[in-house]
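Got a structure for you, questions after.
All chains are identified by letter, namely A, B, C and D, in their written order; residue positions are counted from 1 within each chain.
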């Protein structure tokens, strides 16, 4: 039974191992200011992974997040002048609608989320290309600083980015563990038919989960856009696979019902640390991808709790 | 010829088999009974090579054998018909029959489908089943699938020289009486070639079929009786560790029901599944729908629960007509559904006992969407106590409970939420008599508290014993209504006569 | 810009770029390595940050390196997307490192706004050369007929400029009709598919193809080869990769443009490095030395042979302190 | 769920619905093949020079069919490899890395051994297939032995593969110009290049494996119920291992065709294969949860995706809209080829 309890901490253990390896190779890694900076930089990816968690938690996947974020960077840049901070509302709404619509296609039209979200991602990409006029756009710097400059400030040594991530994490955690919605998500992830037969509005719950994913993808895109002070239809490329990896490495399997947002915190940190390790351990440029793949396999092999995969491993 | 000596099997935290001695002689039918979780299935799986014993020896004709996987067991003539069906739905019947043994039809790497079909036909003939071997298995009825399962095991006849041992783990729990007869007939015929181990919770069947009966309790063999000496009550006593009331349907406690209508069906039809069904369910009434497998009884329950939408007619719940058929609405109107597939639709495995209990009524345990977990847990503790659910605590994963206890969790879910219309679909399937008794008690108790119960029972005896009213459904149509007041209950014969 | 501090003595030299799967970036890297070797160090001393087309990774890697080296960094970088340039430069400046950028930068961002730490930005004015290749193409076509164009990722600066060059050239050729222009995302296989679809749509009307780079050109060439049209329909490309130069020599490609990535890779690192070590003070240099165009050399069948001998068969030995010699003047904003 | 005890009339109706669902991908494909010429016709009609609807259609022509064939073949073979895995209820996302490695291995060995098919260099072909099989095998090992879900295992192996290709090439691209090898593209029989026929041969091989071999049938058994298959005595681990090995082999054939088409092997050769092939498999009607579908479905799916891509350019759809239209059409195709009555939910 002791061992059972330890399983819960496997992802943390993996993280610890990786951190130790880097720390031994280069003690400078433990410089607190540097560490905080590194962690703050992964915030947009983390927020996206946080949203992805909800979808994977119910056994689906959201491949549209990166394109939604791309679209949002364009929207933010284009409409910042018109709406100021209000542009955030538009972005969030757009993100939610894209997500919810993917969810609708999945639940009502029985299109697997792998395909429905991929396709909705294409729609988002086209919208972004159209809206941006196929150009990289930049924001008016003063406008950006007036409206969103606070995001990159510091209070008592804590970057506001981290604070935002913390708040979103808390909300997500609260939603997952403390609300009827979170409980319903778990039921849908673990046994959808039983959830239906208990009178839950399963379709609506699933659509909402996708909606949350879209919303958080939009917030990630917004933060990224403000950080870069601009946007275009491809600028968030590279987020998608990493956010999926972050969720899975954290120990939320694609089968659903297990894991959750706290796991995603560890997962994102593991991804961060693997990436940082490439630089700190001075891995040769042509070997980085190979090493990433191998370390990923090792990390997952260490991390996943096989007893929770229920039945066969597919 | 087949012998287990001091076989031991441990799972984390459970000692499932404790030094079990077990013998099967040539041509013998051995019964194996025991309450839920006694270790019957585990024993079967050890014999079949699906589990490996931790200790003890297995011998066949005095030779020690050890199977690392089912395949090796099969090669030694051991076959198994599973408690949960083991046919693969998307494959054809013949592929299922020869699954893993296609080699005989393969010539230079190519499967000869014609030859396989022919061979499959022969196997199907053994179980007197006339279906096209190329049919996709999912298109067969449940009974047909059970027969295919048996046919699959019987391929051992040709494949293996020497004696066969066929394990039947609760093969009858889903069969209607006449199908059971057919199965028994087959089994008896086949003793020429094979020995059988027969596991069932239906004691009469075990007595009827078996030459010798092993009784298990808590992983141990507590008794072995010859058929001639067998006495149901004594066996049940050994199994449960206490006396079992023969009057376990508690007919004497049956109270008359009130006139208040809870559910009224008016000429309800669902495509070809059932047609023109009308009846009323009253407060405090237990109403059984009886009929053969596939007669449409379950579909009627599912319609009332909102899981499917009738094509014509209308349903009134407590005087209000249902306009939108979904589970949500029905739950809101106080209907609870105990499904036949309790592991799929009844409980959410992976969620704890208390989470399962409040799943249908989270609004009552939350404010503004935020759960009051403390209240949930105290509710769960109360009902664990009240129904005697065997679980260490309310946090335990419901998927890890035994079937009977899972069933109690499902009932607790509905009852604690105040549902006063309960739809029971095979509520005692696969439960041991101890657990069954508990379910009967609960039915009685609910009925006396004014709950209307619509029952699709596992056996006719159960339906007769429990119900105020029995409606016979045949081919999806209303056939006959019986009043079942104590003293005036219809006989088995009356019902069967109308069913087929 | 931050307060000035003593120049760095031995900064880590790093190149941050898109990937290693593209000859263009390999040339950039070889230049960077040649520069590092010119300092008497092994070329393995050059740190590679690879972003794989992800701006997020580009920025994160830069910050990681800055943290690791406590700002003791001379960085050469293409930031992958123009908007990503600002945060990269800000991060480097904030930790007192030195950075030189190429290609991607927004117009409102200038090295001189960051004191010494943002050393320089080099880009290539692709409008002019792309216009020249277009003219070569049109001439080959006899000044009339339909053409199709295949561009890079539509929002990339070079993609925009190269398309603009084509459009400019067309003003002088009223009989040239641009039938279609689509983004092929710098991708050989995508270019191949688009080209074959173009052939279906326009058939014989296509008399020439304008490609935004060599990689696209290869895909187009193979689509033409499949139809037995290679050599029949002239194409022009851009970048001057060795293989493309060979194809120019064979006459399969009418023209490509060499931007000397080897030199670009070396000089960008050199600028950052020598600024960091105090060899020169960027803020003392005129604007023209801090934002400038890189060299471009047009390669046509006539001069391909000579070009190959000079630039590919033997790599010239560049003077890595001659920062601005081969350049093409100050960047002009429209 | 199918209620087999219902009346025959119902069964008949059910059958016909089944049949429609079964043929839906083909119907969608036919609709698309008739749809694009219609747009083309409308365009010409508006421009004032109407042509005969199909006969004079540029889209609906043998030449264009060959073009679609050329662009579809590598993806088809890769998608076939993925089909086997998806039938097992798993997923293989390693194709991008595997294709790159195999392409690069082929090209470098081919060049190293003389660079023409008429020398020993042809050995590069089987060698590349062995490389593909090996990567698939390792992928299977990681999945089966480390018990890592195939999604993750294959994704990571894909990274490893791309990394390996990069390591082998150091980022260079290798041109394969041997005219005999390039005859795959340049030599035409009955208007279609040789590579299309090669792909057809491999499609038939795949069909043979799927329908006539034990391994192929066992994929369906595992996909239909892995635990049941195990209980029936199948060695599921071995089947999975073989499945991934087989998939790797097909990926490598896809790689060879990709090199044949472009004449270049590089680390980027595998780009885009992942989403295209999985999408094609699903669009073809093979269910992601396993047990249903097959290689003919995949053929239809790959053709649907390629016809859409080709058709959009041929009818002159602005390129920024093409992604969206592809997305919407893909959803439509999946909706049409899904038997909504037979499944209770999808994820």
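What to note about this one:
Note that contacts are C-beta pairs under 8 Å (C-beta built on N, C-alpha and C of every residue); 3 or more make two chains touch, one makes a residue touch a chain.
Please read all numbers here as calculations on a predicted model, not as lab measurements.
By number of C-beta pairs in contact, chains A-D lead all other pairings. Look at where the CA atoms of chain B average out and do the same for chain D: the two points lie 43 Å apart. Distance from the chain C centre to the chain D centre is 35 Å, each centre being the mean of its Cα atoms. With centres defined as mean CA coordinates, chain C is found 71 Å away from chain B. For this pair, chain A with chain D, the centres built from the Cα atoms lie 30 Å apart.
Residue positions of chain D touching 2 or more other chains, listed in rising order: 166, 170-171, 320.
Annotation for chain B: no residues touch 2 or more other chains.
Listed for chain A are residues 129, 134, 193, 196, 286, 288, each touching two or more other chains. The touch graph of the protein chains shown belongs to none of the named shapes. Under the contact rule defined at the top, the touching pairs of chains are A-B, A-C, A-D, B-D, C-D.
Of all the residues in chain D, the ones that touch chain C in their complex are 58-59, 61, 63-64, 66-67, 70-71, 166, 169-173, 175, 182, 185-186, 193, 258, 261-264, 266-269, 271-272, 309-310, 312-316, 319-320.
Contact residues on chain B toward chain A in their complex (touch as defined above): 13, 305, 307, 327-328, 330-332, 337, 339, 341, 344-351, 355, 358-360, 362-363, 366, 369-371, 373, 399, 413. Considering their complex, residues 88-91, 97, 142-143, 146-153, 155-164, 166-167, 170-171, 226-227, 236, 275, 278-279, 282-283, 288, 290, 320-328, 330-331, 334-335, 338, 340, 343-347 of chain D touch chain A.
The touching residues of chain A, when paired with chain D in their complex, are 58-60, 63, 105-107, 109-116, 118-123, 125-127, 129-130, 134, 192-193, 196, 202, 241, 244-245, 248-249, 253-256, 286-294, 296-297, 300-301, 304, 306, 309, 311-314. Here chain A touches chain B in the complex through residues 1, 178-181, 183-184, 186-187, 189-191, 193-201, 257-258, 308, 310, going by the rule given at the top.
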